[in-house]
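Chain lettering (A, B, C and D) follows the sequence in which the chains are written, and residue indices restart at 1 in each chain.
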Amino acid sequence: MSEWPHWLPLLAVLPLLGGVLTPLLFRRRPVIPCFWAVAVALVTAAVAVMLLLRLIDSGDFSYAVGGWLPQYGIELRFDQIGAFALPASLLVMLALVFSRHYVARTVDPEKISYYYALVLINLGGLNGFLVTGDLFNLFVFMEIFSVSAYALVAMARQPIAALAALKYLLLGALSSLLVLFSVGVVFAMTGTLNIEDAAVLLEGSSSMPAGLALAGLATGFAVKAALFPVHFWLPDAHAAAPAPVSAILSALVVKAGVAGLLRTLELFGGGESLYLQPLLSLMLWLGALGTLGGALMALVQRDIKLMLAYSTIANIGYIFIGLGLATTSAVGGAMVHAVNHAVMKSALFLAAGAMIHQTGLRNIDDLRGLGRRMPATAFGMAFTLVALSGVPPMAGFVGKWQIALGALEAGQPLPVAVLVLAGLVVLAFGVRMINALYFRPPARVSTVSSVEAPVSMWLPVLILAVASLALGLAGSSMLEFVAPAVQAIYGTPP
Amino acid sequence: MTVVSSLASHIDYLVAVSLFLTGAWILLTSGNLVKKVIGLNIMETSVFAFIVTTGMVDEGAPPLVAAGLQGPFASPLPHALVLTGIVVAVSVTSLALVLILRIKAELGSVELDEIALAPKADDSAGQSNQRGSADE
Amino acid sequence: MPELVDIRPLLAVLASLLCAGAVFTVRQSARWRAFWSLAAAGIKFALVWSMLPGALAGRVYVYQFGELLPGVAFGFRVDALGLFFALVSSTLWIVTTVYALAYMRGSHSLPRFFGFFALCISTTVGIAFAENLLTLFVFYELLTVCTYPLIMHNEDLAARRAGRKYLIYTLSGGGLILAGMIVLYFTTGTLSLAETGILEEAIGRSWLLAIFLLLIAGFGVKAALMPLHAWLPAAMVAPTPVSALLHAVAVVKAGVFGILRTIYNVFGIDLLRDLGYADWLAVLAGTVIVIASVNALRQKHIKARLAWSTISQLSYIVLAAALLTPLAALAAIIHIANQAFSKITMFFVAGAIERGTGKKRVDELAGVGRQMPWTMAAFTVASLSFMGVPLFAGFVTKWYLSLGALQAGEGIYVGVMVISGLLNASYWLPMIYLAFFRPPQTHGQDASPKPARVSPMMVVPILICAAYVILLGAGASAPAMPFSLAEAAVRFAFELKVPLE
Amino acid sequence: MNKRKFARVFTMALLAALAAPLMYGVLELPPPGQADAPAHSNVSAGYIEHGAELAGSENLVTGVLLNFRALDTFGEVLVIFTAWLAVSAVAGKGSETGHDSTPPSPVVDYVVRLLGPFIAIFALFVIVNGHVLPGGGFQGGVLLGAMLILLSLALGRESVADLVPVRSWIWLRAAGVLAFSLVALLGLPMTGYLFGLPIEPALRHALMIVLELGIGIGGGAVLAGLYFAIAGVESS
């Protein structure tokens, strides 16, 4: 069954079609769209599992859309980066289960079907982005998940949501234009849009336009991935957006930027071209600054979702340190950390959403004493916070350990210090949260009167918390799974 | 290939790039949100102009391969890309305009510095400063 | 050294997990809570002691599961040193549970207290049985996470501040160990603690120094080495059973145990002798012994004085380990038991005095001896052991440590032993004198001091520990005593085939 | 205030620093217009030689859009629908300024009523002849949208919005996506590949017309929808 070739395009088309059909079929009904969306997400996850099985036993494979030869038509390629579609679909499914009650209260009734449609379209755009092997198709899918992300951020009722969404939109559009401009330059130089062919034609060419295209693509995807200097759109967008949306944004949409960057590195050869070295070291040091800056900012935040948003910036910094080091274990660690962070961060955002939904309070000091009133959600959050800080056998540790190891292999001891320090700071604000939840008497009347969130809210949080432990234990098998992709992108480690 | 002649032959690209930079300048520096969207559109137009010129051929006929027409044809690929790009630009701009409308309705103004000065309209900020300082 | 795959190490660690689970679930009934705590303590005690004969005969129990990271598995390996530490902590856990059940009656949120209390011990045993540095690090961090709620038990401002200080110190210590582990894994490719030294000279002096500094500083935080000790006195605000078990046995011993592992299993004796780092460690430990004892003199509160005495006693172990001679190593390992039993007796006495007479300061001790004769007798036994009086546990350590120092040709440390003995005398004897030979200040009550009512469940553990202190001191060379286990550990560390002398 | 001045100076410096490599990089590109530039010799040459008979349309751009790079266009049509979805999801309580301005003078009213049908026919012509003459689904859709907006300006938004019941407005807007999905799924049995158009010219031609119509009507309806959302109608 997993040999049937047509699963690959369906991985992207299914959620997109499901998303478009949601408002058409269920415009007025508030509940059915949720079940429909969860079903579509489940089917997509099943398709992703089929593709993963085929990838494991027969390696990368590609699919010519419309039957045309790769140069003339669009070629979809499924490799380890594409395998990120499976965790993405599962996370979106859990976020959709979470949003059944959450959205019923925060979004006007007739717009509920639009919400579920936009989430599915976002998932479809993301899956398409991960599997496409064509440069312009990459841009189109990026636009799909970006437009739906801008709209999802703006669906929250508070006025700052509109302003945050507009900032996100302007910066996102700017980065998309940079990507489109670089696609134009690559087309002008090579005449083809297929990534593999373009890579062959561009082989090690250190001409100025190649550098320009590399810089444009890297900057564009860095903005989408909220790397340090261009990250300021992320905190407002994630804090203002509804909780399941900020979970999807932090876990998946930001990682798409990273995946895009990996595609560009694939395009520009295995690290020989003249311009790649400065870019890699730039990514390394910006990542280091992002890690420390993000962790420190998260420590001083009062609003719980702002805290989690800044911790996303810190973890993105981790990933870029790994990519910048360009040694096999560092890049492997970065990729694995991308998945682990997606799981942990979505658990945290959903737990925070459940707390805000039950008590209406966002300030950490107001959420004191919730440990007794909302035991499941509070335990899920506390457990995942410890996992996020990188305490071993849990998910945060695998990526951090591998990246630090890669740093030593690359002869750079400084990132090891940055990683350990950032880990401590992350642990600090984690403990501050746990301290507030469990060891402080309730400070507000609404925390005393609040009751545990409905099952559809705390169950996904617990599932993700358990997953963050399981992923930690499955660390080494994930690293072996990712190794061939690292080899393909970075060629022989420098 | 003296500098001047290479400048002359690449004049189309240079115009596109300078248009891109002016659009970026408007987007980054103007305080009015609508002006920012206009700047964004200028940048989009410049990128589309750049892509179309890559597919241009001197004395080239449009890529209509009807029986009678011949001569060097312009390459059809950039045209298809730009068509798609234009539609993306329309969608992003329309979403931006609606957001601006909502900001105008809810935050009262379209000028960034006026919005920043206006007190945070939503309640969450009001709640945090009315409570005493945490005894941390 | 035949390696036997055996499930018992895993069961020993899990025993108190089931207790913690049970205690968390059975919310209010004190009887069930007592039953579960004691049951788990009994199971763990039995499991650990059942491995003693095997270990004495030289067998090593191994249990491996799951590969956490490429080349680094997650597993247990019960060798002589590990079993010795586990013996001490599991024996003391039973005694402390009995004491805590009496002491904590009527306090708030008891399920949380006893749940985390049990988790702490399972992590301590996990540290003792860890097969490699990663497993040890996992339980090391979990120990911090489990002790945090215990220190914060009173939930008042002082407890919160002490908790935060404790976290800042121990977590940064954990960060240092993590960095050291990464460098170690990078240079040697393994983290195993099974051999006697996985590092060799060829790695390069800079890497070796980095690893040594990172690991020793990381473990040093919990071993309360002088510059990193500030959290220990501050953590005295916790209830007495917590201070007794954790700060006399579990937490600080984990730190010292880490240092022993680093010296004997990560670096190895001969490598450390050529590198010469251990001499600096010995100098540091020596100074810490003296300074901490002087500080203990100045403390007014009983528990503060006990805390500073713990800091100086821990440095005994570090000093003995750093001398790198078989006899000194024996002193180091033995002192884990001696110090544990003596210090826990004193903490129990302090708790009993506080519960019985409400007195917390040293100068209020006048006449307490008459009110609580048995308790103060145990206190005297423990303080004699610290002073190094023969026939008591403390003497054995001082004796072998001095022999070890002479064996290493460092006569000065014998002087340090003498000075610290005198200092100990100068801060324990006045307390005993006040308690026994001075009448209590009778502010308006009747002259004869009425015996303070202290529940037997507190006095019995005190007497058991005091008896053990005497047993360790007098019957050191008895066959089934942990002493012979310590000898086995030293023989393994120094690869000696013949017995020590 | 100096903060704004500093920001302007900083952006000026940033853009100047950006301009140099951009200009220099672009100069290194092969000059536009050269026939042997890689942009023409590689894939485009293949399209020009046998693109017509393979894709079944003389207008190669439509051939590329509907046949060679069908997934791009599917993504494209989806972005339009998402734009409308986003706008209606995000629109606030509808701006109160939705009141109709003064009714247009009778001359404008009469001219618009007269021209309406002709614009519609022209739009239909552009859509249907996409594969022969320059034009196609998108261009026709824009014309259709412009006509709808012109009519709503002249005759008032409600009258145009009520032309079609609200429920079916959505189906119209999704016409593009639905048409493409139909063709994509049909492609499986016929050509063994998703989004593949069949080889038989007649069937392929019919399917291309269906696609063009879908894109045209979908595009027009969405553009009208965007205008209504901005103008504050249809927030019922």
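Convention: a residue touches a chain if its C-beta (ideal position, glycine included) is under 8 Å from a C-beta of that chain, and two chains touch if they have at least 3 such contacts.
Computed from a predicted structure; not experimentally measured.
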{"item": "Touching chain A and also chain B, the following chains", "value": "D"}
{"item": "Chain at maximum distance from chain B, centres defined as averaged CA atoms", "value": "C"}
{"item": "Central chain (distance from its CA mean to the mean of all protein CA atoms)", "value": "A"}
{"item": "Inter-centroid spacing, chain D versus chain C (mean Cα positions, whole Å)", "value": "75"}
{"item": "Distance from chain D to chain A - Cα centre to Cα centre, in angstrom", "value": "30"}
{"item": "Between chain B and chain D, centroid-to-centroid distance (C-alpha), Å", "value": "17"}
{"item": "Euclidean distance of C-alpha centroids - chain B vs chain C, Å", "value": "67"}
{"item": "Multi-partner residues of chain D (each touching 2 or more other chains)", "value": "22, 26-27, 29, 39-40, 43-44, 47, 69, 72, 75-76, 79, 82-83, 86-87, 90, 92"}
{"item": "Multi-partner residues of chain A (at least 2 other chains)", "value": "136, 140, 143, 147, 150-151, 154, 162, 165, 187-188, 193"}
{"item": "Of all residues in chain B, the ones touching two or more other chains", "value": "20, 24, 54, 77-78, 81, 84, 88, 91-92, 95, 99, 102, 106"}
{"item": "Which pairs of chains touch, using the document's own definition", "value": "A-B, A-C, A-D, B-D"}
{"item": "List of chain A residues in touch with chain C within their complex", "value": "386, 391-393, 398, 401-402, 404-405, 408-409, 416-417, 420-421, 423-424, 427-428, 431, 435, 438-441, 472-473, 475-476, 479-480"}
{"item": "Chain A to chain D touching residues, read off their complex", "value": "6, 9-10, 13, 16-17, 20-21, 23-24, 27, 64-68, 71-74, 76, 111, 114-115, 117-118, 121, 124, 128, 132, 134, 136-137, 140-141, 143-144, 147-148, 150-151, 154-155, 162, 165, 185, 187-193, 201, 207-209, 211-212, 215"}
{"item": "Sites on chain B touched by chain D in the complex", "value": "6-7, 9-10, 12-14, 16-18, 20-21, 24-25, 28-29, 31, 53-58, 60, 62-66, 72-73, 75-81, 83-84, 86-88, 90-92, 94-95, 97-99, 101-102, 104-106, 113"}
{"item": "Footprint of chain A on chain B - complex, ascending", "value": "20, 24, 27, 33, 36-37, 40, 43-44, 47, 50-51, 54, 77-78, 81, 84-85, 88, 91-92, 95-96, 99-100, 102-103, 106-107, 115, 120-122, 124, 127-128, 131, 134, 136"}
{"item": "Chain D residues within the chain B interface of the complex", "value": "4, 7-8, 11-12, 14-15, 18-19, 22-23, 26-27, 29, 31-35, 39-40, 43-44, 47-48, 51-52, 58-61, 63-65, 69, 72-73, 75-76, 79-80, 82-83, 86-87, 90-93, 95, 132-134, 138, 219, 223, 226, 229-230"}
